[in-house]
Every structure is written in structure tokens, then in C-alpha cells.
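The same chain A turns up in both complexes below, where it pairs with chain B and then with chain C.
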Partner chain A sequence: MKFRCRMMDVIAMRDFTNIVNVISRITKQCTLRLTPDELCFSVSVDRASMVWAELTQTHFFTEYIMNGVSEEQNEIYLEFDPTMLAKSLGSLRMTAKSVKIKLTNKRQPCLTIEIELPSLSLESRQCLHDVPVRVIPRREWAEHRAPNIPEFDISVDMPQLKHVKHIVERMKNMSPRLTLEASKTGVFALKVDTDSATVSTHFQELQVWSSSQRNQEDKVSATIDIKKFFMFLAWDIVHPDGVKCNIVQDRVVNLFLHVADYVKIQYFLPSVFT
Partner chain B sequence: MKCVVAGANVKILAKAIHALTKIGDEMYIEPHENTLSFRTVNMPNSAYADFTFLRSYFSYYVYGDLQENDALKCKISMRSAIAVFKSINLIDKQVESCHINLESDASEILFILKYKNGITKTHLLPILDCEVLQTTYNKDSASIKLSSQSQVLGDAMQNFHQNLVEITLEVCAQKLLLRNYVDDTSGLSNTIRTQFALGKGEFDRYDIGSETSITFCVKEFKSFLNFAESVVTPISIYFEEAGRPVIFALKNQSFEVNLVLSTLCSDLDSQAETILTNKPQETSVRGRAKNKRVPKRNNNKSSNKIQDISIKSTLGNDIHKKSHPHLMEEQIKQASTSTEGNQNVNRISNLPIEQNIDEEFQTSSYNSDIITNFNKTTISGKKLVNSLFPTVTKRKSNNNDINKEENLDDQSDLFEDKIPNSPSPPNKKARLIFQKCFQKTFDPRTLPGYDIILVEDSDENSDK
Partner chain C sequence: MYSEGNYKLVAKLGNLKTIVLLLKAINFQESATCFGTKNGLKLTVEDSKCMQASAYIAVDVFQVFDLKEDVIFRINLDILVECLCMFWSNINTHASSVTLHLFYEGDGHPLSILIEEDGIITDCSLKTQTPDELLDFHLEPENVVNKVVLQTELLKDILSELDTTSDLIELLLSPSPPFFRISTAGLAGICHIELPHDGELVDNFQCLSTTTSSYKLSHIKPAIKALSCANKVSLRTDTCGLLSFQYMVKTDEGHVCYIEYYISPVIDPDEGD
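Entry: the complex of A and B
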């Protein structure tokens, strides 16, 4: 088993740090799946997948070597606390020259992050972090596979996350639950219900990608945990090129976000019943 | 003594006081003919800081009558001092000058702040005592002397975890390494290990006699570093080896700052290898350290430790004789003007030590420090227990190693085996274990060796 990669590009470093930061705010334990082409961060809650983030290695890394257990199963699964990784990557804030990430065995498996920082003299400063990880054995791999994506009742583009964030931030104080609603006409609505008021915000003229509805007026809706939805909005920091909201009536909300073609993030929010 | 600090210099004074606050609870103010010093020592006597402002720092400085030498020295509480310089950021905008007045035999020291808008604030800080904090440390004798811009170390420290307690500094021929100190027992699975390397070229001065590493507390160092960064002054570092104090110094034409920190006395590679010969004891001591208990408990503990030494000294290690009631081998003498007797005691106990300084002694000195600390500041239980017990356990395993090297006979090995059993299991109450001591019929004089004083009382107020 071998893994070693190297990042040189400042923008790639910033994006990578941002992604790890967002994940660290969501969970205390995440899985990193390494394959020859991509890195996948995955977060599951009660065995149900919540976040699945795929990063294309060629965009981020100038050098990427990985060897899995065998030729057929050329993958590595690691489990760790993302807050530790995020803290270690904090050293990148100071305009790092390059960063190497390696899988090492220093009395226990570690992700070793080697950061080269500029200095006052000729030799650069070197900062080394060892983040302890657990290598997931093959028999447990099945639990960490990519989630199945169900067939959606409707798939619409989301309005700019920035705007949604402003609204949800306020709605969060009113109710713990949020209803997402979309229709074939391209209307997307956020709704909270309280004893004294119903507040909803409608966004219009959004692109509809697919819809199972026949009637124009039919609406698809699902009620979800507002805090989890709000956490998703933190992904705004990676400046997504597009965010899609997919809803299965009263069952699940799937949010799909991508940055060019190198970052793809799936976010699953099961619906809650009132 | 009367002095005036003007303009931007007030902010430097404010920052200095803030840096001292993070180290100790009491501040010693000591005026001299041409300088004014602010000093503090932390509760476990493991850190000492000294900010000395020179004549050129003040726009006006007069010492007064030189005959009243002693009368002008005073100790005030840190809390009252910090109240004078509460909001650092506004000080240089609003305050025009700061006057400090100290009359001989006064009960208060005066801090007068003159604001630009015409307001004058007078702070009367009560003087707690007329003590002097004396230390002897020698920067010139240090075998390793480093100097760099404060920003270099400041940047380096940013890569470490916010709540880091201790840091290891290692000097190699070509580079300096900083590592977060990971305790053997804390378990590795949930801690990030961080190492930061600085090339030799980043130091203005890099004299190293030998490659070595030291471990010291981050908290005091950080507050010193913050001050250094704010005044943009290069930092000099002086040290010798693990177990000997490290001195951080700042110097420019208007002030001098020294910070002396004790360093952890352990093997160089204790971080890499887990040598724990006394496992059972280790855990029990640790368990109790976590138990946040109050003074009585501490006394028990200290007596435990004393017994420990007495056993060892019968083994011929002679640690007892060498032990002395001081921190870091450089002694911090707390000489009070009123209690001169005590001072003499200190001096006497120091004499034999200076003659036999050897490696073994260092391990034992740490031990004895701990005991005196317990005696001195029993009220401050919680803090002490937390900060000192890790060193106790370290010292334990060291002593064992030494003993092994010396090839002691079987009998002593028996003793060694017995020692781990002596401390009580952590879950039982002290009252239960020392039940006999609380009985009315108990007479301590029946115990063997009750009249041997192992360590002199170090509390300066004890003979009042």
C-alpha cells in the first residue's frame, strides 16, 4: 500500500483546505477513499451516506502515486478525524510553496503532511504534521462505497447559495425544519412553518433538468432538518459552478454541487416527518 | 522613586504588564538607580520573567534617596496592576503619559495616567509586601546561544495547536526543530504530531556547542513572544541541555526582558520510546492528579514523596543530601527584608549543592522542587497537581534507570519493587487510607524517623 501526492498550485491548496474545512465542521469522523483517479471524502451518519465529495486528482496534484492492496482492488480506505486534518492544513494559510501528503507508518498509520513554507533565508521552512488515521480493512469496504443515487421526482437548479444562505440563516431561528418545494415551472421555494406564521421564499425561473410531473402546477416537496441544510450552504466557499437540488417527494433531498469538473459533491438529506 | 513614561512608551509598559499577567499572580517592582524592573514568578516556580526598563525609556526618572535602598522594593498583586492598563489598544491614542510614584515605606504605589482629553486617573495599588525576587542565572555560561527575529518564531508557533502545553526545541547542526511534546501516556491515536524545521540561515546567531533538545511550557513562552513581536525586537535564546533552564532574552536601548523557564528533565528520546518501568505507579499517580482535590490531599502527597526520597537515600544514592528547596538549579531566592533568618537558611542549604553538580543531581533536584512547591503553596492545589505531576512520573523512571546502571544489590531491587505499591489506589479516599493518622490514639512520635526533617520549610512566613 502506498500513497503520496504533491500540491504546488496555490489555488488548488486553497480549494483543498476549504473542502477539508467544510467537512471538518460537519463531522468528527470521515472516510477518505483513494483511487488512481480521484480522492473521495465521505461522511456517513448512522450508516447512511450524508456527504460524498469526489476530487479529481489531476487538478489538485502535480504528483500522485498510489498503490492499493492489489491490482484488482486498487483502492485505499482511510478513516480519520477531519478536524485534525483541517488544523494541519491551517499551516497552508501562510502562502506555502508546496505540500506533500503521504501515507506513512510511524508507530501507527498516519497521513503525513509536509509543508514547505517560505523563509527569510535561502532554505525554506518545513512543517510536518502527522495525522493519525485508521486504515479500513477490505472486509469493511462495502460500508464505505459510493451511495446509490435514487431516481428523483424533480431536479432543478438552485439559486445562488449566497442568497439562500441569508434566508436560511434567519429561518433557522424560527423552526428546526425546512420544507423545500419545486415545480416544473422552475419555481423553487423555502418554507418554514411555525405556530404563528408560515414564511416562504420563492425563487423563479430556474432551470428544470428533469421532472416526473405531468401537470405544470404539481409541486414536489420534502421537509428536512434545517441545520443540516444550513451546513450544506457552507460549501459556497468553494465557489461552485452549479448546484442542483433533487427531490424525492417526502423521502430525500439530494444536493449536487460541482466546480468545473474536478470537484463533485453529493449531499443527502433524509426527510423528517412532522 | 518617581518616573514619567511618555507617549508610545506607555503602550510598551502596558504590553509588558499584560505579558507578566499571563505568567504570575504577583508582580515585584524594583527600582534601581537607573532602571526600573517588573518581575514575576509563576506559582510552581517554573517560570520567571523580568522586564527592566532603562533610563532612556523614561522621559523623567528619579530614584530619590539612595540610602533607603530596601524600602522601595515592593510586591503588588497582578490583578491590581492589570486594572491600570485594561484596554491596550486605546492606550496609545488616549493616554499622554503615565507617572509612577513610589514613596519609601508607603502602603501604596501610585500609577497616574494623564489622558489627552484632560482626564487624570490615579490608581493606588496596595503594596502586599516588601519582598525582592532574586534570581541567579547566567546567560554567558550557556553552551547554546541563538538569536533570531521574533517574527520567525512567531510564524513557527502558528503552525502548532492552540492548546499546546509543552513544546520541544531541538538544535541540530544545520537546523532547529520545534515539536509538540506528546506525553507518553496520552495515547497517540488522537493527537497530531507536528514538527517545524527552521534552517540555520534564519538565525542571526546560531552557536551550538552540542546537539540537544529541551522541552518547556508554551504558555509563558507565547506571552513573551507576543510582547517581542509587538516591539519588533530580536529574541535571543540561551540554554544548555534538558533539565537546565532556558533563558529567552530581548534587549534594546530602552529595555531588557528575560524569561527563564524550567525545562523538562527527561531522556532525549523519551518521546519516541515509551519506557515505563513503573507502570502501576504511573497510572495511580496520574489518576490522582486528575482528581482535583484540595490542600490536605496535597500534603499527603508531598509526604509520600519525601518518604520516597528517604528510601532512596538509604540505598546510597544520597539524593536527600543533594536535594535543595529550589526550583531549576539556578535559585530563585525569595529574600524578605523582614525575615532575614529565613534567607540564611536558604543560603546554607545551597552551599553543598554548588559543589556537587552532576547529572544525577539534576534528576533529583526536580523532585525536591516539587516538594517545596507543595509546602509553599498548598492552597493552590489544583494548578500544581496538574502542572507538576507529569514531571514526577518522568523523574521516577529516570531514577530507576540510574539505579539499574549502578548495579544495586538484590535488596535494593526489593525496595524498588516495593515502591510502586506504596501510593494508594486512586479510587479510595485519603481519609480511608490514612485512617490511622486521624485516630486520637495515634502518636506520630512512635513512627521511626519522625524527627528527621527532610526538607526545610520554604515558606518565608513560617517563622512569624
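Entry: the complex of A and C
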């Protein structure tokens, strides 16, 4: 088993740091799946997948060497605390020249992060972090596979996350639950219901990608945990090129976000009973 | 849908910045009682039957104000303020495009508020309640003992730096020195702050006799909040020690709105022994 990679591009380093940062705010334990083409962060809650973020390695890394467990199963699964990785990558935000990430076996398996920082003298400084990881054995891989994407009742573009964020930030203070609603006409709505008021925000003229509805007026909705939805909005920091909201009536909300073709993020929010 | 004539009150507001500041300044309790009259809209908030704050939005501030008969109802002000704050980043800019429409059909109906910004519409349907009786705080002109009109700048710094460990705040107004004094007694000791009674920052200082009254600091705090959005404040006390703050708030278009606070004094049990 071998993994070593190197990042040199400033923008790639910034994006990578941002992604790890957002994940670290969601969870204390995440899985990183390494394949020859992709890095994939995944977060599960109660064995159900919540976040699935795929990063194309060629975009981020100038050098990427990995050998999996065997030739047939050329993958590596690691489990670790993303807050530690986020803290280690913290110094990337300054003017780091490059960073190397490799899987090492010190006292225990670690992701070793070597950051090369510029200094006033000719010699550059080096900053080294070890993030302890657990190598997930093959028999547990099945639990960490890519989630099944259900068939959606509706798939619609989300409005700009920045706008949604301002609104959900306030709705969060009113109720712990939020209802997302979309219709074939391209209307997307956020709703909260409290004892003293009903508040809903409507966005119009959004692209509808698919819909199982017969009538234009039929609406598909699901009620979800507002705090988890708000956490998703933090992905705004990666400047997505598109965000889709997919709803299965009263069952699940799936949010899909992509940056060009090198970052793809799936987010699953199960519906809660009201 | 809203063009039908069933509504007792239909109103529209354009520039919301001042309105939001006004509502925030009185939002120290969850519910507010709203009065719609031909003069405009008044929202009143009360706390423990000993303080009251009202915001007056005059009829000329509204772009549309269509009132069939006087209305009175109680709503959840927290939610209204939250809804307005969703658009705060836009409201707070010049030439903001956020508008607010308000519809009220009458007793038993919700108050419908539509806030719109570039095609994004927030529909806030506030359930209305029949209000409890409000306290009738007012200062009869003949009972007014002291009256001070000053620039808010003067009070802003002083009131925001009051010793928060003090339960009470004492206000002394007098026609002779020390004229105008605010005192607190906290863990760190007693603190007297003497304010000028003349000069640039004081517009008017009328004191008939020396009065000292104590107020709960927690009651004064909401009134401090309003200082930041107003230019001028008028302080008045009457023979019973009832304290009133009146703020004049100018909107960007030059209309004038008011915020008023009434705070009852803390009666000293030792007094009159």
C-alpha cells in the first residue's frame, strides 16, 4: 500500500483546504477513499451516507502515486478526524509553495503533510504534520461504498447559495425544521412553520431537470433538519458552478454540487417527521 | 390575489432601513401590539408592566397606506424582525430594491407581509392575537418636572459603558450643580457620571426642581439600543419619577419616525421613613 501526492498550485491548495475545512465542521470522523483517479471524502451518520465529495486527482495534484491493497482492488480507505487535517492544512492558506501528503507508518498509520513555506533566506522552511489515521480493512469496505442515488420526484437548480444562506440563517432562529418545496414550474421554496407564524421564501424561474409530476402545479416537498441544511450552505466557499436540489417526496433531499468537473459533492438529508 | 378590497389595511414600504432599525430597537420582548390609525402604524412592546416602548411609523413614510378602519392586533415581533433581516445586506445599501407589502383582513386573520427583493419573495404570515390591555403611560405636561433634549452622541458612550454589575441606575436632575448626573453602584464601587447641562451637545435643559430616581438597568438597556439610530433624544421625568426617552429617527428620505420608552422608577422602600 502506498500513497503520495504533491500539490503546487495556489488555487488548488486553497480549494483543497476549503473542502477539508467544510467537512471538518460537519463531523469528527470521516472516511477518505483513494483510487487512482479520485480522492473521495465521505461522512456517514448512523450508517447512512450524508456527504460524499469526489475530487479529481489530476486537477489538484501535480504528482500522485498510489498503490492499493492489491491490483484488483486498487483502493485505500482511511478513517480520521477531519478537524486535525483541517488544522494541519491551516498554514496552506498563507503563502505555501507546495504541499506533499503521504501515507506513512510512524508509531501508527498517519497522513503526513509536508508544507513548504517561503522564507526570507534562500532556504525555504518546512512544516510537518502527522494526522493519525485508521486504515480500514477490506472486510469493512462495503460500509463505505458510494451511496445509492434514489430516483427523484423532482430535480431542480438551487438559487444562489449566498441568497439561500441569508434566508436560512434567519429561519434557523425560528424553527428546527425546514421544508423544501419545488414544482415543475421552476419555483423553489423554503418554509418554516411555527406556532405564531408561517414563513416561506419563494425563488422563481429555476431550471427544472426532471420531474415525475403530471400537473404544473403539483409540488414535491420534504421536511429536513434546518441545521444540517445550513451546514450544506457552507459549501458556497468553493464557488460551485451549479447546485441541484433533488427531492423524493417526504423521504429525502439530495443536494448535488459541482465545480467544473473536478469537484462533485453529494449531500443527503433524510426527511424528518413533523 | 391581494387587489381585492377585503382588507382593512393594505400598506407598502420602500426604504426599509430605518424601519428595521426601529423595530429592532423595540424588540426586547417577543410580542408587539400594533395599532393602525390614520396617522400611521404604531408598535408597542411591554415588559413586566413597568416599561413600555413604542415605535411610530408615520403615514408619510409609507408608499401606500390604505386603511378602512382603525385596527389593533398583536403579533410575534421576533419573527417579523428575522424576516426583515434576511434581506438586511440589501436593505442596508443605498438604493435598495427591497419592498414590503402588508395586508390585514381583520380580527382572526393573519397579518400577511410580503418582502420582495429581485424576484425573491418572502411571505411571512403572522398569526394575530387580540392584545391584552396595555399600560397607559403618559406624561401630563403639567406633571413634567424635568426635560432635557440632547444629541445622542453624548449619551451613547456613557450608557454603553455603564457598570453592568449594578442593578440600578440613578438619575439626578437639578437646576443647580451637579445638574445632570448618572450613578451606578456595582461590585467595583459607586460611580458618578456628571454630564454637561449646556454646550453644543445639549439642546435644551429645563429643570424645575432637584429629582433623584432609580431605574432598573435592565429596563434602561433597550432604550440604549435605540441611541445608535437616532440623532436626538428627549429625556423627561414627571413628579412620580416616570422616565421617558423620546427619539427622533430620520429616514433616508427625510421623513421622521419616533421611538418612545417609558420606564417606571424603582421605589426605594426606605424613602419617606
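The rule is short, and it goes like this: the second predicted complex is superposed on the first by the 274 of 274 C-alpha atoms of A that agree within 3 Å, B and C clash if a C-alpha of one lies under 4 Å from a C-alpha of the other, contacts with A are read in each partner's own complex, and residues count from 1 in each chain.
The definition used in the following text is that a contact is a pair of C-beta atoms (placed from the backbone, for glycine too) under 8 Å apart; a residue touches a chain by one contact, two chains touch by 3 or more.
None of the values given here were measured: they were computed from a predicted structure.
Student: After the chain A overlay, clash or fit between chain B and chain C?
Tutor: Pair status: fit.
Student: Given the touch rule stated above, what does A:Arg170 touch, chain B (first), chain C (second), both, or neither?
Tutor: So A:Arg170 only meets chain C here.
Student: Is A:Pro159 contacted by the first partner chain B, the second partner chain C, both or neither?
Tutor: After superposing on A, A:Pro159 lies in contact with chain C but is clear of chain B.
Student: Check whether A:Ser196 is in contact with chain B, with chain C, with both or with neither, and answer first, second, both or neither.
Tutor: Touch partner of A:Ser196: chain C, not chain B.
Student: Looking at A:Thr95 after the superposition, I want to know if it touches chain B, chain C, both of them or none. Which is it: first, second, both, neither?
Tutor: The answer is neither, since A:Thr95 touches no partner chain.
Student: Could you look at A:Asn148 and tell me whether it touches chain B, chain C, both or neither (first, second, both, neither)?
Tutor: neither
Student: So which one touches more of the residues on chain A, chain B or chain C?
Tutor: More residues of chain A are touched by B.
Student: Quick check for you: in the superposed arrangement, does A:Asn215 touch first (chain B), second (chain C), both or neither?
Tutor: Neither chain B nor chain C is touched by A:Asn215.
Student: Once the shared chain is lined up, is A:Gln204 touching chain B (first), chain C (second), both, or neither of them?
Tutor: The second partner, chain C, only.
Student: Working from the superposed arrangement, determine the closest approach of chain B to chain C, counting only CA atoms, in whole Å.
Tutor: Least C-alpha distance: 12 Å.
Student: Between chain B and chain C, which residues of chain A are contacted by each of them?
Tutor: none
Student: Okay, in this complex, where on chain C does chain A touch?
Tutor: 75-76, 78-79, 82-83, 85-89, 110, 119-127
Student: Tell me, which parts of chain B touch chain A in their complex?
Tutor: Going through chain B, the ones touching chain A are 149, 152, 155-156, 158-159, 161, 175, 188-202.
Student: Which part of chain A faces chain C closely enough to touch in the complex?
Tutor: 159, 163, 166-167, 169-171, 173-174, 194-205
Student: Give every residue of chain A touching chain B within the complex, in rising order.
Tutor: 81, 84, 87-88, 90-91, 94, 106-108, 110, 115, 117, 119-132
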